[in-house]
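The following pair of complexes shares a single chain, chain A, combined with chain B in the former and chain C in the latter.
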Partner chain A sequence: MIQLSANHLLYLAEAARWTVLLSLIAFVGGAIVGLPIALMRVSKMALLRGLASGYIQLIQGTPLLIVLFLAYFGLGILGYKLVPLVAAGISLTIYAAAFLGEIWRGCIEAVPKTQWEASDCLGLNPVQQYAYVILPQAVRIAIPPTVGFMVQIVKNTSLASVIGFVELARAGQIVNNSTFEPFAIFTAVGVIYFVLCYPLSVAARTLERRAHVGR
Partner chain B sequence: MSADDAIIRIENVVKEFGALRVLDGVGFDVARGQTVAIVGRSGSGKSTLLRCIAGLETVQDGRITVCGHEVGRPGSAARAQLRRDVGMVFQSYNLFPHLTVERNITLALTLVKKESKEAARRRAAEVLGLVGLTDKLRSYPEQLSGGQQQRVAIARSLALQPQVMLFDEVTSALDPELVAEVLDVMRQLREDGMTMVIVTHEMAFARAFANRILFMADGKILEQGPPAELFGDPKTARLQAFLKRFREGHQL
Partner chain C sequence: MSYKFDFAFLADKWPDFVAGAWLTIQLTILSIAFGFLLGTVCAVARVYGGPLLRRLVGAYVETIRNTPLLIQIFIVYFGFSSLGLKLSAEVSAVIALTVNMGAYTTEIMRAGIQSILRTQLEAADCLGLTRFQAILHVVLLPAMERVYPSLASQGVLLMLASSITSQISTEELTATANLVQSDTYRSFEVYMIVAVVYLVLSALYRLGFWAIGLVLFERRRRLGTPL
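Now for the complex of A and B:
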């Protein structure tokens, strides 16, 4: 029986760095696109609301796997051949933006209407209302669910393995192809995912408790 | 009262929420330095009327003029003018919970009035002095009692030096022992000559405090006049019933 060698574990650890990088790309990209989506969702203009809500429904109703296939193979056939990291980064950004947009819309709407009225009565214009009164309070509400969603992002980066991107899950498959020790290998892969996700889960729970206690 | 004295003029205002007519042809004037109290049962339209004067609601018909400017005209210039003229205090205080007391007050001074930080801070200390809370500059709203929060809210409005102050049931959310400290602040404002419109359930306060009382029911002003007249000799059956119920409630 072949044991997992230190080299195999090192290979997995190196692949885990790509998982972390892809997670960061997805989160940062998702945040950059997701915030405008959230603001559009609560806009006074029906057109903006409709566009954002259409985007969210479309993406939330599509498997991430299909988005990945479209970005990698679909665009490839159309002549835009993306490297797997870029295709995966774009797909995860599209996916994360839809979910973050919807989470953050809820957080913005959770700030009481009276905060809008009070700041309006003091003469703040809408941009100032958002910047100084509404968003600072929405951020406080948003931190626990946002951190919680980051756990989903980390786990969903494993789907990038299907377009040949060598992150943690794909690395596990590769090692398994040479060692035929699926139980040991995929246990090790699972443990690494857990080590990445568990701190985030704990942070989300702690932050949520703190948010409930008050300021 | 001559027309020029009216700092607030309300003419035949109609406000509807869908099929529900909340204000049904309301009209009255408020002279500079006057205090007008609006009383009536819940749902009589009194808070909605106040919110219309503050520009928080649009009206379907009629006209509201404050300091010679019509309320509810579109355009940011008109809105900015209204915000300079009118201060509003809410039942639920509506302080900004993520900001200190001082920043609650200086926010609009620096953002809207473009005052320097130092000038805004001086002004904050000054208005907090008026409401007796100078020592709470660095506190957050949740560290204050309801009465203190409401006094900060009043100070926050006063800092912008409005011509008119609107008070929407400002003591209704307070524990009884905290009501007096807020009413004391309002009493001081009246002595300083502030024009005020207050919606209140504090009948004794309205009677002792206001120059004029409006009694509203079903979106209309049924009776108005000096407190002694309204409380002493109510003309309509509705007002008689309202006062009777109120007196019974307070003998319990």
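Now for the complex of A and C:
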């Protein structure tokens, strides 16, 4: 029987880099898609609001695992090669966009109404209102919950293992297949995830506390 | 795009989906109930317990909330069995989901308990309620009423997350989908159907939580206002 060795741990640590990369892809993609979703959600046009909230309800009502399978096999149907990284990146983006869109909607709505009225009085057009008055204030409110949500993203990248993308969780399974020490290996994997996530959790909490100081 | 959708397999396979969905419902209702009890006890310990107990509960909550459910499930199913504790896939799934739900419930209920003013407990003391009665009637129920929306969405999230238990071959909805698609090669159609079933399930769960809330929180029902 092969013993769990330093090499195995090194392999896990290297796979953790893919977890980090996938998390970054999901976060950046989720932010790029999520911001328009949030803006649509607070739009004056009922159609845009309806579309955005339909999207959010749809994604928040289905498991990420199923979204992942749909993206993976859907790419095949569209005639593209089944690259796990692409499928995982797309589905995590879709997932993150729905949650970030909803979080950020709350943050935009948390900016006092009077700020809209004041910027109206100054004759700013809607684009200027968002760019100079509303969004800068919304960003301050949005930072703590956004950092908190990044923990969810990091944890959920583990699902990419299911379609064969070798990130941390998959690497754990691979090592387990050769050493048969699941308890030690998955504990080690769990510890690595904890090391990635815990600082984010602490940061989210600290930022949250700091944001409330003024109130 | 020349792909032709074909849902013909449904004629044969629909009982499988129903069975899978039923197992998903059973697993998640058990885990939500146990997880809620575990989380409530932990939340009380976190707020009223001694320093050691508070720390232990804190460590439990942080460990679970900062590691993926997939890994937690693997540790319970593969890890424990390698240590000699052999559990079936279903039991492992319920344990992992319960422990997970418990950690999130602890945090949610803690917020609720801390929102109850200290004076309420003092008033309960004056009325001669025992500590246990005071915590149950004066603190826990109102606390739960305040955080009930968060508890309900956590329950729905847990139901969706139960799809991950397919990875240890619990034959719930997602595992059923995996089996059917390897049988029929209609992967996209299969997962579309299952996505719709999950959507329906999450709507049903929301409805269920709403109904339970109506029964549980008499005061809110009568006054039509939250606490």
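We adopt the following convention: the second predicted complex is superposed on the first by the 208 of 215 C-alpha atoms of A that agree within 3 Å, B and C clash if a C-alpha of one lies under 4 Å from a C-alpha of the other, contacts with A are read in each partner's own complex, and residues count from 1 in each chain.
Everything that follows uses one rule, which is that contacts are C-beta pairs under 8 Å (C-beta built on N, C-alpha and C of every residue); 3 or more make two chains touch, one makes a residue touch a chain.
The shown structure was predicted, so the numbers you read here are calculated from the model rather than taken from an experiment.
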Winner by number of chain A residues touched, once chain B and chain C are compared: C
Partner chain(s) touched by A:66 [first = chain B, second = chain C, both, neither]: second
Partner chain(s) touched by A:30 [first = chain B, second = chain C, both, neither]: neither
Touched partner set for A:140, first chain B, second chain C, both or neither: first
Partner chain in contact with A:84 - chain B first, chain C second, else both or neither: neither
Residue ranges of chain C in contact with chain A within the complex: 1, 3, 62-63, 65-72, 74-75, 78-83, 160-161, 163-164, 166-167, 174, 177, 181, 187-188, 191-192, 194-195, 198-199, 202-203
Contact set on chain A toward chain B in their complex: 112, 114-115, 117-125, 128, 132-133, 136-137, 140, 214-215
Contacting residues of chain B [partner chain A, same complex]: 54, 56, 76, 80, 83-84, 86-88, 90, 92, 94-98, 107-108, 111-112, 140, 142, 153, 156-157, 160
Residue ranges of chain A touching chain C (in the complex, touch as defined): 58, 60-67, 69-70, 73-74, 76-79, 151, 155-156, 158-159, 161-162, 169, 172-173, 176, 180-183, 186-187, 189-190, 193-194, 197-198, 201
